[in-house]
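Alright, structures below, take your time with them.
Consider the two complexes below, in which chain A is the common component and chain B and chain C are the respective partners.
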Partner chain A sequence: MSDTISEIKSGGEASLAKKYSQLLARQGILVAFVLFLVVFSIFSDRFLSTDNFMTVIRQASIIGTIAIGVTIVVIGGNLDLSVGSLLSFCTVLVVDLHDKIGPTGAIGLMLVFALLIGAINGYLIGYLKLNSLIVTLGMLSAIQGITLIYTGGQNVDIQNQEGTWFAFFGRGYLWGIAVPVLIFLGLALIAEFVLKATTYGRKVFSVGGNPAAAVFSGLRRNRMVFSTYLLSAFTTACAAIILGSRVMGSQNNVGQGYELLVLAGVILGGTSLLGGSGSITRTIIGVLILSFIQNGLLLLGYPYYAQWLVTWAVIILAVWLDIASTRGKIFTSFS
Partner chain B sequence: MKKALKTTSFAILGSALMAGPAAADMKIGITQNNVGVDSYQTTYEKAFKEAASKTDGLETVVLDAGGDVARQIAQMQDLIQQQVDAIIIWPTNGQAVVPVVRQAHQAGIPVIITNSNIADAGQEFIAAFSGPNNITQGEYSAEMMCEALDGKGQIVQISGQPGYTTAIQRQQGFEQRLAEACPGVEIMETQPGDWNREKAQRVMENFLTKYDKIDGVYAGDDNMGVGALNAAKAAGRAGDIAFIGATNFAVGYEAMERGEYYGSVYQSPVDDAEAALQTAIDVINGKEVPKLNYFDTPKITQSNMSEFDKPVF
Partner chain C sequence: MNNLDSIENYGVHEAGTAPILSLEGITKTFPPSVVALDGVSFGVHSGEVHALLGENGAGKSTLMKVLAGIHKADAGEIYLEGRPIKMENPMDAKHQGILLIHQELSLVPEMTVAENIFLGYLPRKWPNRVDWKKLYGDADAILKRLKCNFSAKDKVSKLSIAKKHMVEIARALVFTPKIVVFDEPTASLTDTEKFVLFDVIHDLKAQGVAIVYISHRMDEIFTLSDRITVLRDGGYRGTVETKETDEDEITRLMIGRSLDTSRNIDTAQFGDKVLEVKNLSCGSLFQDISFSIRKGEVVGMYGLVGAGRTEIAETLFGLRTPTGGEVLLDGKRLDITNTTDAVRNGLALVPENRKEQGLVLGMSCRDNITMAVLQHVSSAGVLSRAQESNIYDKYAEELAIKSPSGAQKVGNLSGGNQQKVVIGKWLATHPKVLILDEPTRGIDVGSKSEIHKLIRQLAKSGYAVLVISSEMPEVLGVSDRILAMYNGRINGEFLDSEVTEDDLVRAISFEQKGQL
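On to the complex of A and B.
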């Protein structure tokens, strides 16, 4: 969407230099990403290795998997801040049920509950047309409350950690690649295909980009919005399976703060919070940047607060570049 | 400790009989930090209520601030209004509660701080502090690390959430004691794990990438220690590394049973709760109590773990 706008703006007679700078602005996030990789590789001999890259992508897979669903919600013109505590809830549920009814039943039942919560979000926002920020923010604390009631404040753990096939999702390898990475990238591939190549995907874009026009052209906005929340609940549930299997236990606030990390990744990828534009591929780049920054700074031996500062600076820079690319100027005039 | 509790309960029983039947002759209010958010605090509350119900002539008002400073201040004010005989507070924030602690002090109600102390500015307004000594705990962990590595090696540290007194003090105690008792062991790097097992696991993965040789890991609690252990096991390097934690959790205890985890510091929320209640009762009864009441938090290692019950959290 933003691509189209800047193309129209730049028109035919734009100078080469202008086109070049706009390309830079449009692909700024990619440029920044490459720049980061180069700088980190120069200063740390450990950074540029297949092992380290695989580690970082595996670490990014939990946030990334959630971000897939949230990107779709955001493209549809809404927000989902409930994913942090939904992740806690799903992880606690799947880990706790694992020892009670076995892995198959645990995963199945957890998915049912996750989709149920997604459906509540979707109903309130899609059909009752309540503000998504308020609904999902409320849901964030409501689900945390449910989690605390469910666990009674106790941590849950899987007893037989070596002998369960549940370990496959978080710790296993397939064709030499970590399973969390395969789940993450596999879901991303499917989601990108659905968004870009199916009618459903085009409907999500139009509902988010111009709700009124979408409704007038016969799209059922309520149903579309509802479905996006089911998707974000589903990807969050998948992330919970990875997390639970990786840790083989769960604290009841394990997902605390994830909603903002996910949103940061989505914004960094350039998906507009106003809806109607964005892509899964770019969200993945956004999430990977966040993950690489943390890994790189740690390998260089910077203290943890450097990670917070740099992450924040990168997000601001990304948003700025995004705005600059849509208005065609880096700075705005003071009028 | 248990004996002391019994003696006092008899004393209270005696005074209750003298004061006449039915009416409770002391009322203690407690406002806790955030029950339900972790197993330690949940077990603490249960133990506190249990100990209180076993004490005759004692009425308690048990409140929880849900981690919210403003709510805790309001709860303190409520307790002052109710004119309880003593207030126990588990501070949500050691700095922000100082004014309301002063308010209680001025109203003539003794305040007992439990688990983690408040800022220095508030010390003159409190009757006593009761809780674990986190500096000592850090020192114990340093001693165990030294023992595990025979005084020589390179280690990494995974600390608790930045800004938490417990995290800061454990780190302090660990680093100071290690430097003086074990100069041959070097801390290569410290990063926070935020009391979160998954985060600690991620941090440890990065450490394993960065350092080819890691002899030991000190984690600010067992939850993070087990996260680090998970990462090392996945990398096939757990056998070369000594893992030492603090606040022994059930998962840490089990890892010790399997011989994968060297040791930890045993801190029972039940002892914590009983000590706080006892201190409050002593204060009300006009007994001389020291300002700082630390309950015992012994070292637990693979060799002496049979003396301890498996933690319930």
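On to the complex of A and C.
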């Protein structure tokens, strides 16, 4: 009996230590985030200021808005790598059409095309059950091609930059907050609510967590997957409106590399690429970390490309810590 | 029937006096507080088949993993031929002549059968090239010994699960092992393959190899083993001579009480026909299936793996498209093309593979139970936590689901409780027809009889129930009527009160006319 008692005792002590390590594991990304802020504020006096923070969040809003849709796709058990060139295409389209058919028509038509591309992705992956990595990777280059054909290789811009309400989305302020930030956080709030509190969200988690069990429970896997791609196309289109409005013009490859930044933010937030788990809040934190690293490195005077290396290191560290916390140790043993 | 006869010969054994392998006081804890093994001791003789029995979680697999060098014991000694041995990793165990044949497959799917059998030990020829001729020759010899009807050159990914298991077993025969541990080897084998495996075990035994045999299936243990050791809750509960014991004693040792296997044969009248299947066919999978289930009735569908039972269930549930015939529900023709339709029409399927098809393991018990009734626990698409909890509480109580709370991840529950969650999910939809495909596969004896009782209760409360099973005691125990499947056809229909085991074995093994 004394064995059992000591067992329970040591169990009690262990559980306190375990509580801390569990907290660290679960909130590790948040801890890392705060650590970053502290370190950067020590080394740069400009870093820790409301102005700088608002700038960073505004810069993060484009990646963040796209990441909202991509997070939903990933929770549903798939990937979307086409968002980079979709962002280019949508931005070029909305900017080019602005002067031709006015802002309302431009936004409307651009949304139609974005959703059409999302629907093609969704059909191929949801209904024909093709591999999402391959489909969206193919779509990435296909859309880049379409964009180049559309523009004939030229960049586009808006002539009358001051006299259009289109400028509101990228340059405006409401209640003292930049509109891109409002769009980003507004969409995030809605998406988080939909994921956590609606039947739609629950179905996305189920389908991503175990597609077979979802189908065996009478859920329509194909329809759910299809819809997640419409959502990622939609949030990408929203990001394109912000980007087009902010720059009032567009290079035909403006979104190049965004797909990886977005995915980095999602992974950094801790949403599992296997599907079935994750949250928008986590993704926002992931995206903000990336943006703060970028910003901090620039303020510290490092060259632009340094952020790529640091981003890589941060992602590896995040994934490693995540695995280590589920495994209970940092390194694995034999086999 | 030759195979059946030849098993009868197994029984006798002449064990050596000192055990070749003995484990003494093995203790293993998983921090913080799980005691998986608590001072377990037992010995195995050369030329003996020693069965290791226990409910899920009793510690059998942990004990064998300690033996195979996968886990390290906290305390205790392992003696091989009288000498204490230390094992740091699986390689050590292999070199000592201890081989563990895993429950889970560990094959490389894209390699050939031969490459898998000799993985890590490919025969070489000068100057350090693989001797393919010898490799395939040796591998074919082993396969022949196992009476396998596939070639050593076949790719493993193209084999059925049962055949993959045979490859796994073939691996053990590359060496001349002293001790072979089989961990639930027959779980996915057909009867024929099972008998081949028994022959192999017999051969090994004749060569003086000591065999540890872990299984849930009593009948196998009684035909194969010489002695039986029982574990319960990580502790040693006793070793008995197989010849001198019976199922009752073993069951008592395993669960610490006697099982109530009897059931009240309810002679109450059944209600109207709920489900009626007429001449249903699906390509080469099954043909011309006709049967009906009445309200309050349990129909058992008994047959071997591959006889088309699961496929019928899947067709009824809209997962496959039939090529002929029709299905009537309450007298109305059903046209179901997907599972959503099936659920909407009042069908429910507890699938064969709980973990892969039944549950989202990473989700909570509550979220799993409400998965098929999301529209009932929400308004305008917004979920109500309170209503979800109500549903969970209701079925947790009704089915006696043992879980700390509804928020517990379903993957953390035991097999029996997981199955209850799946059943709860379907009861929440208030189905008319409940189909259960192998409802107690991989579930320990105690939970098994609980689930059987539950099935009877459900029928009594008015469900029409179809139970698909390859375990005869299960079919006999729960059904009012039994359909025997053979080769994609219904090969006999029996009333539970009149059928004998002999009838059933014959009906699932040979072509014959039905007899009701």
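The definition used in the following text is that the second predicted complex is superposed on the first by the 320 of 335 C-alpha atoms of A that agree within 3 Å, B and C clash if a C-alpha of one lies under 4 Å from a C-alpha of the other, contacts with A are read in each partner's own complex, and residues count from 1 in each chain.
Going forward, a residue touches a chain if its C-beta (ideal position, glycine included) is under 8 Å from a C-beta of that chain, and two chains touch if they have at least 3 such contacts.
Note that the structure is a prediction, hence the values are computed from the model and not measured.
Enquirer: With chain A superposed, do chain B and chain C clash or fit?
Expert: fit
Enquirer: In the overlay, answer first, second, both or neither for which of chain B and chain C A:Leu219 touches.
Expert: Once the two structures are laid over each other on A, A:Leu219 reaches chain C alone.
Enquirer: Which holds for A:Asn155: it touches chain B only (first), chain C only (second), both, or neither?
Expert: After superposition on chain A, A:Asn155 lies in contact with chain B alone.
Enquirer: One more residue to check, A:Asn253. First (chain B), second (chain C), both or neither?
Expert: The answer is first: A:Asn253 touches chain B but not chain C.
Enquirer: On the A-aligned overlay, A:Thr55 touches which partner chain: chain B = first, chain C = second, or both, or neither?
Expert: First partner only.
Enquirer: If you stack the two complexes on chain A, which partner ends up touching A:Gly276: first (chain B), second (chain C), both, or neither?
Expert: In the superposition, A:Gly276 touches chain C alone.
Enquirer: Contacts for A:Lys203 in the overlay, against chain B (first) and chain C (second): which applies, first, second, both or neither?
Expert: second
Enquirer: A:Ile177 in the overlay: touching chain B, chain C, both, or neither? Say first, second, both or neither.
Expert: neither
Enquirer: After the superposition on chain A, what is the angle at the C-alpha centre of chain A formed with the C-alpha centres of chain B and chain C, rounded to the nearest 10 degrees?
Expert: 130
Enquirer: State the minimum pairwise Cα distance, in Å, between chain B and chain C in the overlaid complexes.
Expert: The answer for the closest chain B-chain C C-alpha pair is 32 Å.
Enquirer: Quick one: which bits of chain A touch chain C in the complex? Just the residue numbers, please.
Expert: Interface residues on chain A, with respect to chain C: 7-8, 10-11, 14-15, 18, 197-200, 202-203, 205-206, 209-210, 212-220, 276-277, 334-335.
Enquirer: If you look only at chain B, which of its residues touch chain A in the complex?
Expert: For this pair, the touching residues of chain B are 35-39, 41-42, 162, 189, 191-192, 196-198, 201-203, 205-206, 209-210, 223, 226-227, 230, 234, 249-251, 313.
Enquirer: Which stretch or stretches of chain C touch chain A in the complex?
Expert: Within the complex, chain C touches chain A at residues 29, 31-33, 35, 89-90, 317, 319, 338-340, 342-344, 349, 351, 356-363, 367, 371-372, 374-375, 378, 381-383, 425.
Enquirer: State the interface residues of chain A toward chain B in the complex, per the touch definition above.
Expert: 44, 46, 49, 51-52, 55, 59, 62, 148-149, 152-155, 157, 171, 243, 246-249, 251-254, 295, 298-299, 301, 304-305
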